[in-house]
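Take this structure, written in C-alpha cells, and hold onto it; I'll ask about it next.
Order as written gives the chain letters A, B, C, D and E; numbering starts at 1 within each chain.
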Amino acid sequence: NMQIYDEKNEISDWIKLNVGGKHFMTSRSTLLAKEPLSMLARMFADDNNVYLMNPSAKDSTGAYLIDRSPEYFEPILNYLRHGDVILDKNVNPRGVLEEAVFYGLDSMIPQLNHLVDKSMSSSGNNQSLT
Amino acid sequence: NMQIYDEKNEISDWIKLNVGGKHFMTSRSTLLAKEPLSMLARMFADDNNVYLMNPSAKDSTGAYLIDRSPEYFEPILNYLRHGDVILDKNVNPRGVLEEAVFYGLDSMIPQLNHLVDKSMSSSGNNQSLT
Amino acid sequence: NMQIYDEKNEISDWIKLNVGGKHFMTSRSTLLAKEPLSMLARMFADDNNVYLMNPSAKDSTGAYLIDRSPEYFEPILNYLRHGDVILDKNVNPRGVLEEAVFYGLDSMIPQLNHLVDKSMSSSGNNQSLT
Amino acid sequence: NMQIYDEKNEISDWIKLNVGGKHFMTSRSTLLAKEPLSMLARMFADDNNVYLMNPSAKDSTGAYLIDRSPEYFEPILNYLRHGDVILDKNVNPRGVLEEAVFYGLDSMIPQLNHLVDKSMSSSGNNQSLT
Amino acid sequence: NMQIYDEKNEISDWIKLNVGGKHFMTSRSTLLAKEPLSMLARMFADDNNVYLMNPSAKDSTGAYLIDRSPEYFEPILNYLRHGDVILDKNVNPRGVLEEAVFYGLDSMIPQLNHLVDKSMSSSGNNQSLT
C-alpha cells in the first residue's frame, strides 16, 4: 500500500483505487471502519487481521485494480465516508445495489432495496418489469 | 495482452481498453465468460481458441483501441461483470442496443429491445417516431 | 496523421481528435465513409482527394485540434459510426444540431430538426421561445 | 500565449484554459470576436489593445488558470463559438448566469435571465424561492 | 502550498486539490474569504492564523488530498467563489449538505436544508422516507 508523508512527516494512509478504469483516492480507515468484515475492508485490512484477503493487482500508477463499475462505486464510497446512502435522481439504484452486494456491504442493502422498489413503482404505471 | 503481477507474483489478466478515447480496465475473464462466441470475447480469446479474432491496435499506453461509443459501453461492460442490464434514467437504451449488436452480445438484446419499446411508448404521447 | 501498427504489423488508420479539450479516438474510415464531402471528412481525406482541406493543428499528444463542443460531438461521432441519431434524454438537440451544421453533416440535419421541434413543443406549455 | 504550428507552418492561435481544474482548448479568435470588451476577451487581447488585462497565471501544462466553475463554462464557450445560448435540461441556468456576469459577456445575460425565470416558474408550483 | 508565478513575476496563490481522486484548481482567497473559521478555510489559512489546521497530505502532483466526494464538492467550491448555492436538477441536495457540514460551511446549511425539504416533498407523493 502507498504511504504518503504529510508536511509534519507523519504517515497518512491514502489508498488509490482504479475501479474499472477510473481513479479514486481514499484512506484505509474509510475502507475499513464502516464494515470491517466486508470483502472491500478485508482487501485493505492490516496484516494482523485474520480475515485479510489478498489485495488486488496494481496499475502503473500504484492504484489497486478492481474490475467493477466506477459510476456506481461513487455512492458506495460516499457511504463509507459518512454513513448515508445518497443517490442522484438519474442514478439507477439497481446499479448501486449490485456493487453493494459485490463488495459485501450488507448495511447498505436494505436502503438500496427500498430505493429500487420505489423507483420501480414510480416508473411505468405500476407495471412490473418481470 | 498486458500482464500484471500482483504482490504474490501471480499473473492476473487485466486488459485495458481505449473505447472511443476513454480508458476502461477489466479482466480477460469478464470479456470472455458471459458470451464466449461474441465478437468482443473472440477479440480477447486464448490463442488456442479456434474462433480467435485479431485483436485491435493499441494506443501508446497499451490499451486496445475500439472505435465505438465510450458512454454506451459502460452498461455493456457492467452486464459482462454481473449479468444484469442496468441503465440510468437519462441513458437512451437505443444507444446501448447499437453497441450490444456491434459486440455480438446476443443475450442482452431482448432486454434492450424491451427498454427501447418502453422508452418510446412513454415519450411523446403515443406518437411513433417513424 | 497518426499511424498505429497492430500486432500483425498492418497499418491501421486511427485518428486522435482534441475537440475543445477532450480527446476522442476514431478511425479515418469512420470520419470519411458516411458523408465524404462533409467538412469533417474533407479534413481527413486522402491526399489524392480534390476536396481535401488543410487539417487542423495538433496538440502535444498528436491529436487534431477542433475548436468546438466536446459534449455535442459525441452523438455526431456515434452517428458516423453506425448511422443512427441517438441522443440521451437530458441532451439539448439544438446543441447537436449546431455541430452537425458546423461539420457539414447534412444527412443528420432533418432528424435533428425533428428532435428540436419535439423538444420545444413538449417544454413550456406550447409557449414559443421567440 | 501558446503558439502551435500546423502542417503548413502557419501560426494558429490555440489557447489552453484550466478552468477550476478542467482543461479547455479554444482559439484566441473565439475568445475575442463575440464581445471584444468583455473581461474574458481582454484577458487574451493583442498587446496593442488598450483594454488589455494581465492574463492569468499558467499551470504546468501551459494552460491559463481561471478560478471558476468548469461545468458552467461549457455553454459559455459554446456561445462564443456559435452565438447561441444552449443548455442541457439538467443544467441550472443560474449557474451559467453567474459565469456570464463574471466574464462580462453582456449579450448572454437577457437570454439567461429568461431561462432562469422559466425554470423558476416551472419548478415548485409557482412558489417563489425568496 | 504551491506558488505559481504569473507573467509579471507576481506571486499568485493557486491551490490544487485532489478531492476523492479528482483535481480542482482554486485560489487560497476563494477558500478563505467566505467563511474564515470553517474547517476548509483553516486548512489553508496563513501561518499566523491561530486557527490554522495541519494541511492534508499531497499527491504526486502536489495536490492536497481530501477524502470526500468530488461530485458534491463542485457546488461547494462554486459557492465559495460567488456566494450562491446553485445545484443542477439531477443533483441530490443531501449529498451537498453532507459536504457543507463536513467542511464546516455553516452559511450554506440553511439553503441546503431548504432544498432537501423541497426535494423530499416533491418526490413520492408526500410520503416521508423514514
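For this structure, a couple of remarks:
One rule holds in what follows: a residue touches a chain if its C-beta (ideal position, glycine included) is under 8 Å from a C-beta of that chain, and two chains touch if they have at least 3 such contacts.
As the structure is a prediction and not an experimental result, all values here were calculated from the model.
Residues touching across the chain C-chain D interface largely differ between the two copies, under half of the numbers being common to both. Chain A and chain E have Cα centroids separated by 22 Å. Averaged Cα coordinates give chain B a centre that lies 36 Å from the centre of chain E.
Annotation for chain A: residues 89-90 touch two or more other chains.
In terms of which chains touch, the assembly is arranged as a closed ring, every chain touching its two neighbours and no others. Remark: chain C residues 18, 20-21, 54-59, 65, 67-69, 71-72, 89-92, 94-95, 98, 102, 124 touch chain D in the complex.
Listing the residues of chain B that touch chain A in their complex gives 4-8, 12, 14, 16-17, 22-27, 30, 74, 77-78, 81-82, 84, 86-90, 118, 122.
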